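First chain written, first letter: the chains are A, B, C and D, and each begins at residue 1.
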Amino acid sequence: MISNAISLLIAIPLLGAVLSFYAGTKAKFVALIASLIPLALSLQMYMEFDKTSKIMQFVESYNWVPSLGVKYTVGIDGIGFPLVLLSTIVSVLVIIYSWGETKKPNQYFALLLLNEVGVLGVFTSLDFFLFYIFWEIVLIPMFFLIGSWGGPRKDYAAVKFFIYTHVASLVMLLAIFALYFTYQMPDGSRTFDMLTLLAATADKTIFPTSMLNIIFAGLLLGFLVKMPAFPFHTWLPDAHVEAPTAGSVVLAALLLKMGGYGLFRVILPMLPHVDKAFVTIIAIIAVISIVYGAFMALAQKDIKKLVAYSSVSHMGFVTLGAVAFTWMSVTGAMFQQFSHGIITCVLFMSAGTIQHVVGTRVIADLGGLADRMPKFAVIMMAGFMASLGLPGMSGFVAEFMVLTGSFATLPVYTMIVVFLSVVTTAAYHLWAMQKAMFGPILKKYMNVHEPHAYELFSMAMIIVLSLIFGLQPGLITDIMGTAATQVMEPVMTLTEMGVI
Amino acid sequence: MEFSHYAPLWGEALLTILAVLVVLLGSLMKNSGKLMGYLSAAGLVAALALVASNLTIKPTLFFFDTISVDALSQFFKVVFLVVSLLVVIASMSKYTGKGADEYFALLLFATVGMMVVSSSVDIITLFVGFELASLSTYALAAFDRSRKNLEAAMKYFIFGSVASAFMLFGFSLLYGMAGSTHLADIAVASLDNFGPATLVALLFVIVGFGFKMALVPFHMWAPDTYEGAPPLVSALLAAGSKKMGFVAAFRVILIALVALRMEWYMAFAMLAAVTMTLGNLAACWQNNVRRILAYSSIAQAGYIAIAFVVVGAAYGAMPVNVLNMGPIRADQLGIAGALLLILGHALMKTGAFIGTALVASNVSKGSETDPDDISNYAGLAKRAPITAFCMLIFMFALAGIPPTAGYIGKFVLFSSAIYSGLVWLAVLAILNSALSLVYYLRIISYMYLKEAAGPKIKEQKGYVVALVLTLLAVVWIGVFPEAFINWAMQAAAVLLPQ
Amino acid sequence: MIPLELYILLASTMFTIGLYGLFTQKNGVKLMMCIELLLNSANINLVAFSAYQPNVNGQVFALFSIALAAAEAGVGFAILIALYRLYGTIDLDNINAMRW
Amino acid sequence: MYADYAYLIVALPVLAFLLCLFLGWHLPRGGGFITVLATFGALIVSLGIFSETYPSEIVHQSMPWFANFNVGILIDPLALVMLLMVSFVVTLIHIYGNGYMNGDPGAARYFAEAALFSAAMLGLVYADNLLQLFIFWELVGLCSYLLIGFWYRKPSAAAAAKKAFLTTRVGDVLFLAGIILLYNNLANLNLALKPGEYLLQFPVIYAHISQIAPDQLTLIALGLLGGAVGKSGQFPLHVWLPDAMEGPTTVSAMIHAATMVTAGVYLVARMFPLFYAAPHGLTAVAAVGAFTALFAATMGLTSFDIKRVLAFSTVSQLGFMMAGLGVGAAVGAVAVGVSMFHLIGHSFFKSLLFLCAGSVIHAVNTNDLREMGGVGKYMKWTMYTMLIGSLSLAGFPLFTGFFSKDEIIVIAYEYGTLINFLPYIFLVLAAVLTAIYTFRMWFSVFTGKERSNYAHHESPWVMLGPLVILAVFAFGFGWAAQDDFYSYLDSTFEDIDFVELSVIGGHAMLEGEHGAPAAEGEHGAVAAEGGHGAAAEGEAGGEEAHGEPWYIQILPIFVAIGGILLAGLFYWDKIKKFDPSQVTGEKDPIRKLLLKGYYQHEIMTGWFAETVVYGTALICNTIDIKLVDGWLNWLSALVLGFAQHVRKVQTGIVQNYVTALVLGVVVLVVVITLAKEVGLV
């Protein structure tokens, strides 16, 4: 049992960021090492992780700002750990993918590592104060990644991304305040401890429904914007289109997951105690996000924008599964988080590779690339198939579980999704694939070549992962299943768990 | 009366003597700028040590009960001393030659004035200290004698003296009403004989302090002066003398005029709301970085002013467990929050202005372009990495991004607002700090995202030391706020009837 | 003896005149004079009040403020002179390079 | 002991897939032999299992997968006949492919994908639960997509691939919906499952059908039927199948004739009890099947592309199979036997026909019937093997197709007597047309004079060998197997109580009405006694002795021969009487309609896909830009515009500043006093 595993997990990339900032051209090696260690660490944690217990594991808790009731409390359970795993995996692959980065590499890799720090913090912190700090910190590296490595409209995109999400998180902060100031511990003191506060929301005498509704709405907004769900998604396409490939990957694979994580950790425990209308509202938002996202993707000209909207659509499944609130759907939604996190990487990487090999991302200008880059074509094909929910890859399992589970409580919405989204999703994937890759090779692309080995490698790795988790979902759904049952039940505080 | 009895005031005494000494020496020996710099820096450090030696002292009165040394005064003295120290350190690489002695002397005098204000409980001493600080800063604002300097100084001077005239008139009315110049007496008196004159007095006093605090509509001088004055002086104004306005307002309004609670509650509710909104809005379109910072500090003043509203709202409320500091009252928390934000803002603003000073100092004298124009900041990250990084952190801190001093201050302050039922004000403030991102991000994206415009900048030692010290302080407060919160709470307790 | 109200009336009138001057005048020196009016109206108040009080704090205060006003005038004129050297005028309407 | 190696049936082809994918590039002929060996291995294992389990044992293995789903193998007679057929046909086609693909640069890719397909198809067949079946179902779809688009440089091929995937996907959506419905219905029963039992396993489903509400059953049945319709190219989702001929001919033979397209039929057969229990479930199946049979046949008449003719005939024959299952509403589980019999037979002669066509195309280098003719002179083997295939397809007496198709028509007649005659009529007409278009094709390919100059040579033996073998089966399978086939298949559902189900499905009512005939004819009994009567029905199906009048018995013979003669009169130069182009003028609307293929492309692709769907997408896009993102930009513009005005307050003239100060004081005084007056504070 590693002591302070989580703190190490957060500290090492931070250290790595500083080092690689000063490592100049050697930055990538430093970064790789600094991201491999957390990966190894998290795998080790996976070995030690008790899949069946609903207890927070690897908990560390120290007083930080006693006068405000702020503690440095971190720990993981089935909700957070899969995402921790995801973050460490994706970070490594992203760093490998951008091995050839030549523009200010030291800053570039430092920022990628900072990103890892932020998301790891969000997924592990059990104290709202700490949670919020990490939640905000994540914005900064992403702002710079978009802003200084981005495309033509990078400034607009970066600022829009920052302000849009920041406003949302401020609303969330207000809601957190409301929780904080309403609840008093038995000894009259205040606490930011997540689990304690969430457990308290069950108590009607402390949180009358009318009040809890407002708090709930505030928190919900914060998370839905991050997801992002319709109609709060418009920052996403801009950010993605302008961001550099690695930026998009991290954005889609990790940052969006923060929103989903929030749903499971914070929203679901409160759901039973708030106005029932919320279920309908969230369900509608989810359905619209899924269907609308798919149709938007169908209408896009830029392949990266297409992928961006596909993220909106896929994250909608997370919302749907979460709000459907059955064991199967919640498990599925958690798994969708994980699987989308993996699969979206390969999509954005493909888009990026096309961008810098061919020089354009406009689908209409592409054609017959498979003729010149067969290996890449195979991988991209596999990625797209995974994304459109081909059985055998992780995406299918997740969406199947979500739909099957959601039907029990939200039959109508589920059926709408099934009928309107499945074919559309397939349609835009195949259309893009066919237009870009197949058909006769265009004259102007006669001399394009396979992308670099490291790009192919990182993409192939993702395909392999998607296959592994598609064929053997149990590896991770066991953990999530436990978490799902635990989400269904009233929240246990750390003291009730007997952890501290 | 033995000498040691005055120990708590040695700091002021030391600085006064030092200031006089600096002037004398300066006139005696030629180009002794460097020496003067080191001298006054040393003096400030010494004074800081003296003040710090009894940081949380029981309130003790001196000089016929006109001067009170207590936690609050010490808190502000620390703020002023730190700011002046940073400014001096930065100035040491700018003011080396002729006239440096005057510069440092004025700076020290200004500091002394502020320190006097911070601990005066009698309107006479308060007025004297106030004027001492103002007069020296008038002179400082014009120090480099460029066109901009003089215009800035002129506006500052005229507006300032009008404001202090208002304040004096208000004081006179207060004296007439109470028959005494002691704040305590005024407090007692204002409870019974209470008339329109008192209201006028209150508002006139608010004008006087509002001018220093740069609350809308008493802020008009601030943007021009901060932009026009020598950058380091702007730092002193924004970070130092602004805070003097707050401490004076705390003492006079919260203690002496407590009877008019409803009135100043309303007044400050309006002022705070208008100030933060207007400041942020006006900042969005500025192209002069120092002007942006000026407006941002106006907005910050708006946030800090929330404390008055909180006290007004929560006055006399029963103490309860607001936070984990045992039973305390929302108004105390509010003041504590304001104090934290004052501390944080003082540091961030000093740092930011020092940064602008560094950039401006590298623009050749003759050049037509405004040295503070934002276009000069393009690609600063490449041209002056340390400065750019510090500026970056200061911007995020000003915007209230955790974990920085700015975040903690806002956090406690807004918490108190919510706690005392002023949710609308808290929401407005939070929306405002979101809006403020527009211009902070603009500066940042110029520094980091634009291509470098111009040659590499030589980062002089003095500036860099000051910047880095400030940076460390800002982050330290943000990451380990515990001690500071407690300190602020103790300081706040001074203002409230036990 | 003269009732207090009259003193206050006088003071207020002076104050108002001073303000009016501030609004209307362009010339820097005239503005300085108006400011002096404001300050002195306050001084009148102080002295008058102290005459009706057992203590003399008011007169002390007045003395202080007069001294300070003098110093203020000194600084003020220094600035105005410097202005005049650079701009060739002390017509303050024309000195508005910094605005908006 | 073979049963222990059942997993190899899938594992071997998967292995072959990996080998070809990664090493194929370095192997001769893209490593085709690996694929052949793999599928042959699968065949061996299947045969072994057959030998062990015959007559009625069942192999069932299962292990947990994730959540509450499992992976498992269920080999009952129904699955086993499919396994044997698939592994056998596929092996032959791979052998043929070694010749056909020889020299193609993408051979390795071809064999890899072919191997993957074989794996998926075999997996589909012996999946023990619906989810697993669905997964392989999608995988075969993927392989078909990949193989149709095998020559991806050809835009038409890429487009056809996409069309195939999307059209079947529409069906899959319904299938998925059906599964979700079924799962939730079963889950709501809160069954106490024994360890090793899972909700979606077929045995579990069969056991609990009777507890599910009838209306739910109908919905589920329709959902599953939708899936079958998509996969088996039934109307209206058949449009992809003709286009799918863009792929290599081997692919058409393997996927789009013999195996994959039959998966839909197999699904319905597999879920037959559920369809049977669902009111109107089988009626829908019968309707779809019968209509498609006729509809596709009419299109087969007019196409000039040899492969498209075969494709349409495939669609039509699949219609026969569907109809065969559908009429089970009247005759019970025996329908499964009848329909599967036709499925197996069809897979032999249809793959034979395709391979022959391939061999012809290989030599002639065109698909167009109008450019062929007289090929028979140079390709004797091909000609005769294809003749056998054609006769079998046309249902010429004593050929496989005769026994199977005839049986379907007969039970359709009984369905008519009990319920409704429409399917019967449709099927008979379709049979006539089948004979006609089959021989239209055969005559215009092999007889007459050369209508273009093409290479005169027979195909290599590696291609002819499979033809011969298939020809043997296409001829012999029918009378060889018929006796035991029905009885063997009927043992699949023998422990299911069809009486109970028929009550739910409302078939008992029919039985009540037709009490008298039902009591006499064995078929009537089937409706009531299901499986038990089925054995009897099986034998009865074998001989021609039935309760029906004699003319029904012999009608099919005349249908077949008559059709062939009719075709001859048009297309066989020896006995040619009419010229097709004179019978109906160019202007003839019906002819035009047929040539245009009922304007399906215009409706499906042109109107629905490109106008409705893509239009919606564009509308969404506009909304997104103008509204959802628009209000944000509008807001920011508003705020910043306001700011622009606010800053103008700062005039730069110090007197105005003082004025502002005084104004501020005045405002404060006024507001505060007013507020106090009002009592606001």
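Methods note: contacts are C-beta pairs under 8 Å (C-beta built on N, C-alpha and C of every residue); 3 or more make two chains touch, one makes a residue touch a chain.
It should be emphasised that the depicted structure is a prediction, and the values quoted were computed from it without experimental measurement.
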Along the shortest chain of touching chains, how many steps lie between chain A and chain C? 2
Compute the centre of every chain as the mean of its C-alpha atoms, then state which one is farthest from the centre of chain B. D
With chain centres defined as C-alpha means, what is the inter-centre distance between chain B and chain C in Å? 26
Distance between the CA centroids of chain A and chain D (whole Å) is 38
Roughly how far is chain A from chain B, centre to centre by C-alpha average, rounded to an integer in Å? 43
So what's the Cα centroid distance for chain B and chain D, whole Å? 79
At which residue positions does chain B touch at least two other chains? 154, 158, 162, 166, 223-224, 438
Got the chain A residues that touch at least 2 other chains? none
Listed in rising order, chain D residues that touch 2 or more other chains are 647, 650, 652, 654, 658
Following the definition at the start, I'd like every touching pair of chains, please. A-B, A-D, B-C, B-D, C-D
Which part of chain B faces chain D closely enough to touch in the complex? 154-155, 158-159, 162-163, 166, 199-200, 203-204, 206-207, 211, 216-218, 220-221, 223-224, 262-263, 265-267, 270, 278, 281-282, 284-286, 435, 438
Help me check something: in the complex, which residues belonging to chain C touch chain B? 8, 11, 15, 18, 22, 28, 31, 35, 38-39, 41-43, 45-46, 48-50, 52-55, 57-58, 60-61, 64-65, 68, 71-72, 75-76, 78-80, 82-83, 86-87, 92, 95-99
Residues of chain B that touch chain A when the two form their complex: 321-325, 396, 401-403, 411-412, 414-415, 418-419, 426-427, 430-431, 433-434, 437-438, 441-442, 445, 448-449, 481-482, 485-486, 489
Under the touch definition given earlier, write down the residues of chain B that touch chain C in their complex. 123-124, 127-128, 131, 135, 138-139, 142, 145, 147-148, 150-154, 157-158, 161-162, 164-166, 168-169, 171-173, 175-176, 179-181, 223-224, 227-228, 291
Mind pulling up the chain C residues that touch chain D in the complex? 19, 22-26, 31, 92-93, 96-100
